[in-house]
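Given below, in the form of structure tokens, are the structures.
In what follows, chain A forms one complex with chain B and a second complex with chain C.
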Partner chain A sequence: MIKLPKFLTIFAMIVLFPISAETKETYIPILVPITGFLSLEGTAQRNGAIQALDEASSSLKIKYEVSDTSTSPEIAVTALQRALSRGKPVAIAAPIFGTQMLAMLPIAKRAGVPLITVSGTAKLTELDNPFIFRFFPGDAVVKVAHARYVTEVLRAKRPALLYQTTAYGQSGYSHLSKALRKAGVPLVFEEALAPSVKDMLPALTKLRASKPDVILLHLHSTPTALAIRQARNSGIELPIVAGSAMHQPSTAKLLKDHQLRGVCAETAASPISETHPKLIQFTTEYKKRFQTLPDAFALAQYDGMNMVITALRSGAKTAMDIRNWLATNTFNGLAMKYKSDGKGNMGHDATIVCYDGTTKTPKITKKYLNVDGTFN
Partner chain B sequence: MSSLYSRDFIVTLIIILIPLCLALNTDSYGQRIMTLSGIYAIAAMGYHLIFGRLGALSLAQGCFFGLGAYSAGLIGVHFGLSFLTCLLFAVIFTALVSLIIALPVLRLESHYFALATLGIAQVALLIAINWTEVTGGANGTYGIPQLDLFGVELSSSNDVLILVWVILIIIVSLTFWIMRAPFNYQVTLLKDTPEVAASSGIDIGRWRLTFFIMSAIFGATAGALQAYTIGVVSPATLEFQVMVSILAMTVIGGKNHPAGAVIGAILLTHLPEWFRFLETHYLIAYGAALLCTIIVAPSGIFGLFEKFIIRNPGYDVKSLPSKENKAVSDANSTSLEIQGLSKTYGGIKALKNLNMTLTSYQIVGLVGPNGSGKSTLINIISGLQRQDEGTIELDGSFIENTASYKRSNRGIARTYQTSLRSSDLNVYQAILACSSNQHNLKHRHNQTHAILRNSRLISKTEIMVGDLSTADARELDLCMALATEPKILLLDEPAAGLSSSEQRFLSTKIRHLAQSGISILIVDHSMDFLLPVVDRLICLDQGSVVAEGVPAKVLADPKALKLYFGNARS
Partner chain C sequence: MLDISLQIILNGISLGCAYALITLGFVLVINAIGAVNFAQGDFVMAGGFLTVVLAEFMVADNFNPIRASGVIILPLVLISMACFGFLFSMIAYKPLKNRPPVTVFISTIAMGLIIQHSINAGFGPEPQIGPALISSGTITIGTLTISKQQISIILSASFLILCVGFLMNKTQLGRKLRAASQDSEMAESIGINGPQCISITFSLAIALAGAAGLLLSNQFFVTTSDGGLYMLKAYIAVTLGGWGRLDGAVIAALAVGLFEVIMATLVSYVVAEALLFAALLLVLLFRPSGLFAEAIQRRT
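So, the complex of A and B:
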């Protein structure tokens, strides 16, 4: 027992860890899921944010640090508390995972810090929280475009849907099914799949039995690739219109070119498909820096952070200044023109990209501008 | 002095209070991490009970955590009740759910139990995701109000930290109270050798139910606190990852001690934060750190602490009372009547219409070749196995359908061919664990002392049972059986592995026990040991009695001679 106090003191010293004091630099934490089932999207978010902040560092003193939010709200809230305790952030790059955002929103509101996110979960901007700014068009935009492409361009009459059991999946399902019903083309089949499901054949078999004329997917990246591969391998050659995960180069990498024939996806943008010089420059820089191709999430986060940087350059100094600037100004980003609809929805355009079966770079097939009428 | 105020409790309290005091002086982030540590320590405390102490691999602790989070969160959001009301609701609701689950699940053993509890957790997760009208689906439920106490909102991280850790201290105190002597020894015996526990009068079902429900209550408390500190409850609280975290905290901290749950929770909550600077690689560092901990401290960090810091490990070792005690057994004349006992294993008949009577003051020897049904008979009398047909009557009451622990409480005790080899109890604790539940703790200590005074183990009370010699282990088996105050004592090969002098000591002891009124049935292959000590000998073959009577009569029986002793002797 003589050694007990000594041991406990050492143990307590290990537990105690000092927290660094705030810095004079402009502090913008990047809190995104870089591990777990949203790591592809989260990594794209991180890369987009870092590229924007690094580009601005020549004229602005910006300090940023990346924290993983993984896939639970608890970790996201902890990361947010950590960021808030380390300084006075003027804005925070916030996770794509809607459930995490729901947990972070009240804390951000209390702290008065705007969250810059690309999460598509509709609920986020329906809570009257003035500190959320979503730079990826929400489901109210992209799912309407998704439904319009299916009904207006493909002229499908019997769509069947596989969606994810996550918040992302349920939100997308809700908006997509509603838009299809509104267009008079209700779903003939629907099934929710957990992100952990690897064998999709049972669901695909049931789907085929419902005799659809188009397959709709609203799944995360890997499940999207699995569903398409297993559909094609089991002889299902129906057109597939997937969610935004399918536009990601990392998703296309998981499939062979011929499996991508007849596959389309809704998205906010497809940087690798664009021909505008600024977008080509963005893509080149991104690829050089991160050894991977950018997707719409990277671009949207890049645009979001650039709007924050523009606010700083326009004289905004505090988090509240930034929030007010974001809420009232229009910003011409690389992907689209951004403007808050009063609830924090900044993106209002959607794009449909399609693969022709010979390359993994999709072609822009259709653009739906100002879908929700914000710019009217 | 009870366990509550014992050294162990004080050590645990110190392990709680030091980091708490340090955390009170850190910033809100440090306090938040310590708040989470406290929450997970509460959940791990429940897991310490069901897994660490009872050895049942329940995979439902994460489910109870999630149920607590959902029930408290939903009530808080929809009815605006105070936190304590929501916490109480969550605890009661989860306890009731665990009770319903326990009825079918607790009948299962080992991996079947683990799989069943895992299945329940998966069902709960599916309900949380798909019952969107109530749970909010995959988004979960948000807008859970801030923690409050008696109408006062706990807005500062300091207040939340203190509340959580005060609840943790209450939970730890409750755990020590549940695990007070001699119940802690009974539970250890139950974990290590359930058959011995059952035949020593310990109600396995009651303990498993109690610990399962307590683990659910602790899990629900932790879940409710987590929901209120985050402000959101989502299916993530029900995911398997939560279960794995709680399991890892319990094991790495030290599953055999409540302090281990606290240490594990503090460590595993802080580790990812310490490695944050590694960005995407922090999980590798986290995993490596856990692996190193397991290699360096296989019995957990507290186990290491016990080994090197606390020089005399062990729970609540009592000094032996010096008071004189009453006789081991006050047994009056008793009798055990067996009628028409039959038992079949597949196509093999282990017992065939067997009749037998055991009476007080009498020692009966049971002999027969291997497979003749001797051990089956003892197992059936003690309740570990059920007969296919026949009756067993103890002092006028039929007990053939009575549970093993109840038979023990009615006076049937036994020893086993294989001695107790539990590593977590010392000699004194093992005997105390078997002492009759009908007496208070003081009486049980006195009784234990009395048994030891008549034993060679009197000078070995603090030796761990796993370190005993074969002879001492046999002696301990007998002492444990005597602690249940038996009227009928069944000894299964008590002389196996003993030297001649040790057998003589045992013979003398058995005779003394019979003289005190106990009826004794001995199964043994050593005729040199058996014949001088028994009053009556029964020879079994293929489940039937082939010869019975005084030893001389049986020895003269040609059938017995041929079957058991072989033709050479005849």
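So, the complex of A and C:
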């Protein structure tokens, strides 16, 4: 047998097996709705994910690509199948739109790839699918906090609710009405509105006739702003406690300061209201990168991707490794501490923010920690 | 109760007036080319965004609400959108004019998507608010509170509808447009420039869509996904009013606006929408040419 000099052996190894010599690229697709009625939230998701992955690129070789899932489940499924065919993703940033997530979940399960989402639809984590990880607290958390703020802090006795006809709206309505009933304060009025409804006066007229002492909203961004403006213009000055859409800077921008007086919102976090240096740094960097202010969806997706990055840094290599790491570890994110409740619900805190009528930056009024008892 | 009822009726009329502008443009194009312009709703949205841009441009150096009011911007929007309309006819219609109508409507769907995604890419997904036409305040008469913007919408839309009526019925240009839309070959044989008439019709239709976008952008905000909604409402109004009938389209659009708010008040939004579509199905079943049947010919 001919003996090769040592350097020739090393040279041959590098030439013949180049993959072993270079760091393997980790593939993380970002599948979010950038167009359609959830484009605002989807863009926030995309921005949060990109910021986290770019920040990690100094120490990890991560390849990501963004695909628009628009507003239909078919487009989301096609985007997922395309992402799976292009490589071996270790995790996927998945859309906020619950209807799309429901369609994507069985495919992700078959492929064994964890979906990292901020979708609030409760049903997603009730399907025994081990590949979903939701970093925005679900309705079982935020709607309980919503109801607790209304009944415990505002001491309301006659709440009235306007909610969306979408899966998001139905899920929120179900949890909110249940929590209110449990607190002995049932809804005196409720109406579902399609996202396309522009004129809210018919609903507000009926709502006013029911003599409520607080208005609850569980609507998307534009309908939330429309409902508040039309209520204030109609002389309805009741306190309004809205869903998470109201904490978004782009929603507040549509309203005048005085119309925001007495308006509160539930959310996971409000990055622009926070004073912690790390959150200020996140907000500053986000604004610099994307020329817009971050919201809780951007922050939650940022935290979600950072938990995946932490798993990679801890030695996770495959999608299954990442899934197992996410399912069993606790992560201190910027918005909150995340831990799976066994079903993939990672966020367990909720925040109530309120506007004082002089500025469009809400103030954090109340924080509800560990609402569902996961950390007990 | 009376003041609330009046307020709701006023809402329905103002919404119906905006729908009427959209529908009017829709019917003008149907009459001219015999095919549906599915980008009409996206041009409403584009008009809203153009309004936002013009308003910001006008107040950029020195804030002056009067300079940025919608009534000052309206002529600029009408002219700009008319130019877009001309360009649109050159791109989406002219190269396909000898193809079956289905080709043209697919081309308009594609153009609508291009407009929507381009605006989304340029402005981002955030909803925007346009300036009020004159003022966004309210007038209180006894217990009745009326939004100045609603009154402005009704007056502006009525004025524009009357202008279109005058143009089409009382001017030489209008007669040419009608002649070209009724029988283009015959019109060309007597010296009317058919392709030019079609381009003018597109300009007029899209200028009206832009005006509707301006009127709606303050009261209802504007987002890039709004086009589909307005398109659907225009389609329903045209089907109810009769394909090709300008007066029928205006009446049907007003009826749709009123029907929506009244039924939503009496029952619910979900029922109002279901009943609107049920009415549409009944019309298609028993009077497919619409409630105000077209006198000339059936369109495809």
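Rule of thumb we're sticking to: the second predicted complex is superposed on the first by the 352 of 376 C-alpha atoms of A that agree within 3 Å, B and C clash if a C-alpha of one lies under 4 Å from a C-alpha of the other, contacts with A are read in each partner's own complex, and residues count from 1 in each chain.
Rule of thumb we're sticking to: contacts are C-beta pairs under 8 Å (C-beta built on N, C-alpha and C of every residue); 3 or more make two chains touch, one makes a residue touch a chain.
Because the structure is predicted, anything quoted here is derived from the model rather than measured.
Undergrad: Have a look at where A:Lys123 lands relative to chain B and chain C in the superposition and call it first, second, both or neither.
TA: In the superposition, A:Lys123 touches chain B alone.
Undergrad: Quick one: classify A:Glu191 as touching chain B (first), chain C (second), both or neither.
TA: second
Undergrad: Contact-wise, after the overlay, does A:Ser85 reach chain B, chain C, both or neither (first, second, both, neither)?
TA: A:Ser85 contacts chain B only, not chain C.
Undergrad: So which one touches more of the residues on chain A, chain B or chain C?
TA: B
Undergrad: Classify the contacts of A:Thr205 with the two partner chains as first (chain B alone), second (chain C alone), both, or neither.
TA: second
Undergrad: Name the contact category of A:Thr165: first (chain B only), second (chain C only), both, or neither.
TA: Both partners, chain B and chain C.
Undergrad: So, does A:Phe37 touch the first partner chain B, the second partner chain C, both, or neither?
TA: A:Phe37: touches chain C, not chain B.
Undergrad: Kindly classify A:Pro106 by the partners it touches after superposition: chain B alone (first), chain C alone (second), both, or neither?
TA: In the superposition, A:Pro106 contacts chain B only.
Undergrad: Given the touch rule stated above, what does A:Ser221 touch, chain B (first), chain C (second), both, or neither?
TA: In the superposition, A:Ser221 touches chain C alone.
Undergrad: Shared contact residues on chain A for chain B and chain C?
TA: 34-35, 43, 71, 165, 192, 194
Undergrad: Where on chain A does chain C make contact in their complex?
TA: 34-37, 39-40, 42-43, 71, 165, 191-194, 196-199, 201-203, 205-206, 221-222, 225-226, 233-235, 250-251, 253-254, 292
Undergrad: List the residues on chain B that touch chain A in their complex, please.
TA: Going by the criterion above, the answer is residues 11, 14-15, 18-19, 22-23, 26-30, 32-34, 36, 129-130, 132, 137-140, 142-143, 226, 230-232, 234, 236, 239, 241, 263, 266, 270, 272-274, 276, 279-280, 282-283, 305, 308-311.
Undergrad: Show me the residue ranges of chain A that touch chain B in the complex, using the header's touch definition.
TA: Residues in contact with chain B: 1, 3-4, 7-9, 11-12, 15-17, 19, 34-35, 43, 66-68, 71-75, 77-78, 81-82, 84-86, 98-99, 102-103, 105-107, 121, 123, 127, 164-171, 192, 194.
Undergrad: Enumerate the contact residues on chain C facing chain A in the complex.
TA: Per the touch definition, chain C meets chain A at residues 4, 7-8, 11-12, 15, 116-117, 120, 124-127, 129, 138, 145, 147, 216, 219-221, 223-225, 229, 260-262, 264-265, 268-270, 273.
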